[in-house]
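Chains here go by letter, A, B, C and D, matching the order in which they are written, and residues are numbered from 1 within each.
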Amino acid sequence: MHSERFYTLTASCPDRTGIIARVTGFIAEHGGWILESSFHADPGIEGEHARYFMRIEVKAASLPFMLTELRERFAPIAAALQMDWKITDSAVKKRVVVLVSKQEHCLYDLLARWQSKELDIEIPCVISNHDTLKGFVEWHGIPFHHVPVVADNKPAAFAEMQRLFAAVGGDTMVLARYMQILAPDLCAAYPGCILNIHHSFLPSFVGAKPYHQAYQRGVKLIGATCHYVTADLDQGPIVEQDVIRIDHSDSPEDMVRYGKDIEKTVLARGLRYHLEDRVLIHGNKTVVFR
Amino acid sequence: MHSERFYTLTASCPDRTGIIARVTGFIAEHGGWILESSFHADPGIEGEHARYFMRIEVKAASLPFMLTELRERFAPIAAALQMDWKITDSAVKKRVVVLVSKQEHCLYDLLARWQSKELDIEIPCVISNHDTLKGFVEWHGIPFHHVPVVADNKPAAFAEMQRLFAAVGGDTMVLARYMQILAPDLCAAYPGCILNIHHSFLPSFVGAKPYHQAYQRGVKLIGATCHYVTADLDQGPIVEQDVIRIDHSDSPEDMVRYGKDIEKTVLARGLRYHLEDRVLIHGNKTVVFR
Amino acid sequence: MHSERFYTLTASCPDRTGIIARVTGFIAEHGGWILESSFHADPGIEGEHARYFMRIEVKAASLPFMLTELRERFAPIAAALQMDWKITDSAVKKRVVVLVSKQEHCLYDLLARWQSKELDIEIPCVISNHDTLKGFVEWHGIPFHHVPVVADNKPAAFAEMQRLFAAVGGDTMVLARYMQILAPDLCAAYPGCILNIHHSFLPSFVGAKPYHQAYQRGVKLIGATCHYVTADLDQGPIVEQDVIRIDHSDSPEDMVRYGKDIEKTVLARGLRYHLEDRVLIHGNKTVVFR
Amino acid sequence: MHSERFYTLTASCPDRTGIIARVTGFIAEHGGWILESSFHADPGIEGEHARYFMRIEVKAASLPFMLTELRERFAPIAAALQMDWKITDSAVKKRVVVLVSKQEHCLYDLLARWQSKELDIEIPCVISNHDTLKGFVEWHGIPFHHVPVVADNKPAAFAEMQRLFAAVGGDTMVLARYMQILAPDLCAAYPGCILNIHHSFLPSFVGAKPYHQAYQRGVKLIGATCHYVTADLDQGPIVEQDVIRIDHSDSPEDMVRYGKDIEKTVLARGLRYHLEDRVLIHGNKTVVFR
């Protein structure tokens, strides 16, 4: 993360010759200073089309025009290359809505990062199906919404959550050990915008009580996975994963405790990649330009 | 591993008070010097019975009798405690039969460890369904048996392998990336004696082409698992696992290459634990006293 | 950590035959149920004396007497074996005084663990040379003491800290990124009671700005070290360490950010080992029974 | 590593606007298909000049001219940008001379990779100060040169090694646990061409017996470092490092054994990065485009 204001272009397009030259030529022509750039050619397998991915940070002050004009001028190039693209501005803070249940470890971790400006974001509100963490959140000056989710109010509860997210202008929804399965239409409404932390090394141990599943199988490492939420439970594109060593002496409760340490770290890393526009979704996979 | 000769007692039994006292009291009574000792109480979950596991190394020279008498004298104690137990002698080298196919990385790795006496074992023979590695094995002075396995000779081939294993007095069979599925009755004949290295972080990606499965799922770490072979493919008790980080730029072929590095390390570690009698099987799980 | 009340015996003594038998015989004689036990024989190198270490958890309810009597009855055995020993009671919560400066990541992490009872301790107070974190600490209902440390008040400041620690009956002092070097006599007053987290993989990069030192040297992994504080800066016995991968694109500021994630995890692990009496100091090294 | 022939351009130059555009514009102009590209802007610290690094793989068949002409045509651009640069051809195998002493683990590991073409290189010869591994090397059809190094023949021995390296047209010299310190003028003759594996996590434990040093300090992880050899012992630019966890029960001999596993992996990874022209030296540090 650079201290000066910069624009971040992320794009993907069918692979062909001349893509980097075209894009960086445009930037150079206007005197743009590139701070960081990453490129990836995905050859596809078994008859898929090759696809090209890029991420470029340009110092804002080096360009002779503002973001709106940058987008306008870049649009024809993007069109010619059949790009999916966007340009974001480091001066515009991302707005991250955090969903929690009763467990506090991920929330404490995220708020510590937010407090220290390590995560330089806005948290317009926290939403929870319990009010356990209300005081902690409000002490930080962040609005807290208690939206109970019970068997017979789910559609209304998820509609309320979606309304709250829209009302505060949320960019990203983070499920920080939020223990409810989101409604499929909520997932579908924000593709690539909802991050979850699952407490297993996916695809092992999908669903409930993964540490107990891991205990039963006798694995020697347990993990956590940060992924985008889709309508298929625990099947969305994976952003980040990590593992920690355990042994025969660890009970499921010990695994829960060990697991928290990787859950919060993996979630924080995945969230950071997402917020810095380092993650490009490719089908059910991700390109992560770290 | 100690330089002096020692006996290793491994045992498991129903948990109760006084187990350690009884066993170490017996050793102390005869002046036995304990070099290393490990204990584990498994409480069981959901109504299982608690079970106790132990491993004790005693300096051979500190005891006033030989191994046979040690076993005789210990037997009544073991019976009283309803133990599954054995005592091995560090002076008796384990006899390890290695099975390979065409890939050499695990074999080179094992023979380097054997050559340097890091693995202080006998390798009475190597068995392969191909003759690719014959010269390499024979250069080391180890007999090589080519036992082709094709669709219509499997029973005969596995019978021949079982015969060879028995003929050389094998203790342990190691599948060092041996690409055939062993016959169920061969697996059943040697429970807790056959180690396999599977090229995924089990239980993810069971079966064929796990790296391609991992590529398709877009995981961010790949792994390898050393486990005991049972009649259920890739379902046996896990001895050791490890993982390595990959990213979007890695093709399935890159993963195969990265994976080799953990396969050989995980296999070597799992094999060492097994050979040093550090692994006690508990249902479909293992206690590994490292 | 077990849910039932238990006593933890930790001890070290010159190695000889019969130690385990003597100790566990005593426990068995009184019907003590051993929950967990660990033993380690350190052979010494180059003429040092061999030394024996142990840690045993006994279920409190299984013994027919209370802790005071347990200690009295065990004392003669300990004396005969020339033991350094202690017995602690899981029902008596450890009292941990936390020292911080301005950085919040370790403090948030510790308080989240304390809040969730993952760390089942008392935090009688937090002491800081700044008042930055006062509100956060007090919101948790924990007294906060601002003890400024400046060039010309150091003896008085450290005396005040020592007074506060004594006044609240502290067992353990944790330097959670407390950026001052403690006075030698404060260190000497509480040997094996003060834990620090140093932001490098010791012994590399002792002293100030270790991440900048790491950047200059071009290392590919950075680390953190939890160690006991002694009068020699960053030279005390190491309890726990870990590392994280970086690369050429990471600035010193990036390293600081990555480093925080391992600092808090390493500190929390080291502190847990210490609080559960899993750490036995041996000269300038530690035995850690995990 | 791609299956098709490609050219790899690596370059560094003072940072300025338009570098990528200029270089990729040149490639695009001639229809060059970029397979992989990496860029890094090093801002410098404390008044150093910012420097730019790049590595680009271009499919050979996509260009309308051969390598010689590519170099001629690129030279003026490189000159204008004040580049240090080179272009290599994937069809020209690198020639790697391996130096060993008596320990076999790194040699077995490298030859297994070479045998399987995982490392697609020529090994024109192996040089050793002992003849221990002569048979093993020659069995692989690789010439083996025994060049004893003793106190009073060092200048002659190193001169002979340099003569052998030159005679076989070596590109890279690999010290695969070669236990002698190379003469300074040999180091100086091949800057950035000689790779060593040091058996510690540098900068900790420089020099002799690092595992014993690690044992004495009581560290909880041990490591290995692959670095370029310079005249300053163990001070050259670091290419790759890794660590492995140990504990109080590990003797120095155990550490030696554990360490071998990371030594060979770290050496193999560092060597691969070097051979694929992924390592660019920057003062006493490296940029490694993985």
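Just so we're on the same page, a residue touches a chain if its C-beta (ideal position, glycine included) is under 8 Å from a C-beta of that chain, and two chains touch if they have at least 3 such contacts.
The shown structure was predicted, so the numbers you read here are calculated from the model rather than taken from an experiment.
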C-D compared against A-C, more contacting pairs: C-D
Relative to chain D, chain with the most remote C-alpha centre: C
Rounded Å distance between chain A and chain C, as computed from the means of their C-alpha atoms: 36
Where chain C and chain D are represented by their mean Cα positions, the distance between them in whole Å: 41
Interface hub residues of chain C, defined as touching at least two other chains: 36, 249
Chain B-facing residues of chain A, complex: 40, 42-43, 45, 201-205, 215, 217-221, 223, 237-243, 247-249, 251-252, 282, 284-288, 290
Partner chain D, residues of chain B touching it in the complex: 1, 36, 103-105, 108-109, 111-113, 115-116, 118, 135-136, 139, 249, 254, 257, 260-261, 265, 268
In the complex with chain D, residue positions of chain A that touch it: 17-22, 24-25, 27-29, 31-39, 41, 62, 245
